[in-house]
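We call the chains A, B, C and D, going by the order they appear; numbering starts again at 1 in every chain.
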Amino acid sequence: MKLKIGVMGHAGSDLPEKGAKLAFELGKAIAEQDAVLITGGCPGYPFEAAKGAASQGGLVIGISPGLSLWEHVNKYHSPTEHHDVLIFTGSGLMGREVVNIRSSDMVVIVGGKSGTLGEFAIAYDEGKLIGILMGTGGITTEIKHLVRVIQKDTGAKLIYDRDPRRLIRRLWQYYHREHYKHPSCFLNDRLSPKNHRGGPESITE
Amino acid sequence: MKLKIGVMGHAGSDLPEKGAKLAFELGKAIAEQDAVLITGGCPGYPFEAAKGAASQGGLVIGISPGLSLWEHVNKYHSPTEHHDVLIFTGSGLMGREVVNIRSSDMVVIVGGKSGTLGEFAIAYDEGKLIGILMGTGGITTEIKHLVRVIQKDTGAKLIYDRDPRRLIRRLWQYYHREHYKHPSCFLNDRLSPKNHRGGPESITE
Amino acid sequence: MKLKIGVMGHAGSDLPEKGAKLAFELGKAIAEQDAVLITGGCPGYPFEAAKGAASQGGLVIGISPGLSLWEHVNKYHSPTEHHDVLIFTGSGLMGREVVNIRSSDMVVIVGGKSGTLGEFAIAYDEGKLIGILMGTGGITTEIKHLVRVIQKDTGAKLIYDRDPRRLIRRLWQYYHREHYKHPSCFLNDRLSPKNHRGGPESITE
Amino acid sequence: MKLKIGVMGHAGSDLPEKGAKLAFELGKAIAEQDAVLITGGCPGYPFEAAKGAASQGGLVIGISPGLSLWEHVNKYHSPTEHHDVLIFTGSGLMGREVVNIRSSDMVVIVGGKSGTLGEFAIAYDEGKLIGILMGTGGITTEIKHLVRVIQKDTGAKLIYDRDPRRLIRRLWQYYHREHYKHPSCFLNDRLSPKNHRGGPESITE
């Protein structure tokens, strides 16, 4: 199976032009790397990434908060374009993010506010490989500091980069070299720190 | 977006040869109709359908019971071949079926035991378009009788056929002629009988 | 912790008087046995059981389909009376039933249509101890036949009785004598038939 | 129904004595206020709160990450003492937190690392009334700063206090005076900023 890369970030319609362009390039890079793009099926940065991936013929899957297409469109005001498949979890904005993160082999954070902060925290806590697209503002500026406050080795690995294409390449390489051995905390029957060992979480930059 | 067709049925490894062949043909027909196949990511009839769809280059999405690929393989003994994308719900065998059914525009029942009975009941209760692949045994022989006992118009529509290709064609036609107007019970803000009206549920045969 | 007994059944407002009285007595018997009543937080038979349990000061927990109290009341038209706590899963009518069943040490089926059929099938498939309150019509009349069709030993155990109080007593005794050893299929790290062995599922009557 | 107060925080076994005592007092205060304590059914600060609430005869509900009691104990190494009822979501550590937060009328953050950061972010994003028990370290020291970075009015309201009893009293008063009017973002059919208006989120201190 192809690698799956989740893109999470600000889902509002008020995107700064620079950030929107970076998110579009991120989606293109994901498709060019022949990976599947996973989004929350929402507007904003993830939707820009969907456009970018679709422009290269990449496969785009949206994990919707709605119970149905009707709720997706009318309750959550979410788009259907540029996605190949929408999965309806019905579990609301943050509930579906948990499925989104678990289904992604790695996630990339682009800008974002409280929802994205939650997504970062979930991904970190579940030991994911996480890319931070720097230069997109919002909570991306706080993550290095937060990781120092958290003081917890969950097995998560963070890679920061301002260049979407280079970020995807670095994530790709790190995944295949190392992270595939312990892609999340759900690795065996007993959840324990020993499951995701490999030295302290180190921030590559 | 392409239509999504969920295939549900016996997930054991002890498939009768005839049923396995019918499920494979069902998957082929789904891909040839240019629809996306949704499965529970499990062995058995749904896996035969995945093989069939993949043999025609169709897109196959598996909604896994596991929290991760590790659980998918080691806890649920489930395959990864012939699927393009696995979504990890972590909600167990029956929990993921709810997501599976909601994400499918229509579902097809192939053979099956208690799990499949639950899937049929969920699809019926949520007002789905449901195909029954006759000749595959298990609970498919009981459905007509059960519908009479249930005496509840949920908006569900059932189409029975012994020929996988014809079944898909009939489902496809009925969906585009009628069922797309009320594809499930989650159609507006208030769940009520009025939402899925259109005369009593009638069984086409 | 106290035992938890889930009550599932027809959730409409058109209850036959006899069935409603049986469901009320069932709730009373649950409270008198000092067990916690788990319902789907819905109207109908489960609500009658909630009234019965509450009349004896029993603890009643409702697992709601809604994302919030607002949705519980306005989207799902569900009651709040006679419940001590409502848990908001947001996973819709059938999604919340999966949580409901897993959280119950045993479940009792009272009347019911397609939703209840799904609940029975989920409980059966997950190897639960299941009581059938005979005399309440709906799908309860079909269960013996369905179990024969299903031909699958999941570890589930069925006890049929027309008397609510005797049914609860028999379930209680069987649980403490035998079923507590294998209360569901989620008993160890690997889901396999060996986990719920103990001879073929036998129907006590 | 009684108010439900969720307590979230560090779930490790390495609690500083002062923090453990504060969490115990918090649980006592919740029970004395005649509210129901909701926890994630985990060790750590929430478990200390459960002990405190149970010491006063308060009702304690744990929302478990496991699919069953077996998983609760053996996979998630979680306690069963001092809880009246465990609900088995099977949705893993972060998945169950979403249910936990939605089911709580207000939540209190005690110490905590990445998991708690996620819980705070979810509660903030869903517009909850949130208490921060100051003096318990971890991410509680970062929340004021994060709220400034987030710059998003979700309807959430934060109250900070070092005294567990005073914090519960202030939360209680604010809930009954104001927050009950818009307890979360799931207030009507359309999720929109207008749903949780009432002036900018203001931090009471």
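Points to keep in mind about this one:
Definition applied: a contact is a pair of C-beta atoms (placed from the backbone, for glycine too) under 8 Å apart; a residue touches a chain by one contact, two chains touch by 3 or more.
Since this is a predicted model, take the numbers as computed values, not measurements.
Overlaying the C-alpha trace of subunit C on that of subunit D calls for a turn of 180°, given as a multiple of 5. Between the CA-based centres of subunit C and subunit D the separation comes to 29 Å, rounded to the whole angstrom. Subunit B and subunit D, compared by their mean Cα positions, are separated by 39 Å.
Put simply, the C-alpha centre of subunit B and that of subunit C have 26 angstrom between them.
Within subunit D, the positions touching two or more other chains are listed as 67, 74-75, 89-92, 95, 98-99, 102, 186, 189. With chains as nodes and touching pairs as edges, the resulting graph is complete, every pair of chains being joined. The touching residues of subunit D, when paired with subunit A in their complex, are 74-77, 91-95, 98-99, 102, 113-115, 117-118, 121-122, 124-126, 138-139, 141-142, 145-146, 149-152, 154, 156, 185-186, 189-192. In the complex of the two chains, the subunit D residues touching subunit C come out as 1-2, 4, 36, 59, 61, 63, 66-71, 74-75, 80, 83-90, 98-99, 102-103, 183-184, 186-189.
In the complex of the two chains, the subunit B residues touching subunit D come out as 67, 90-92, 95, 189.
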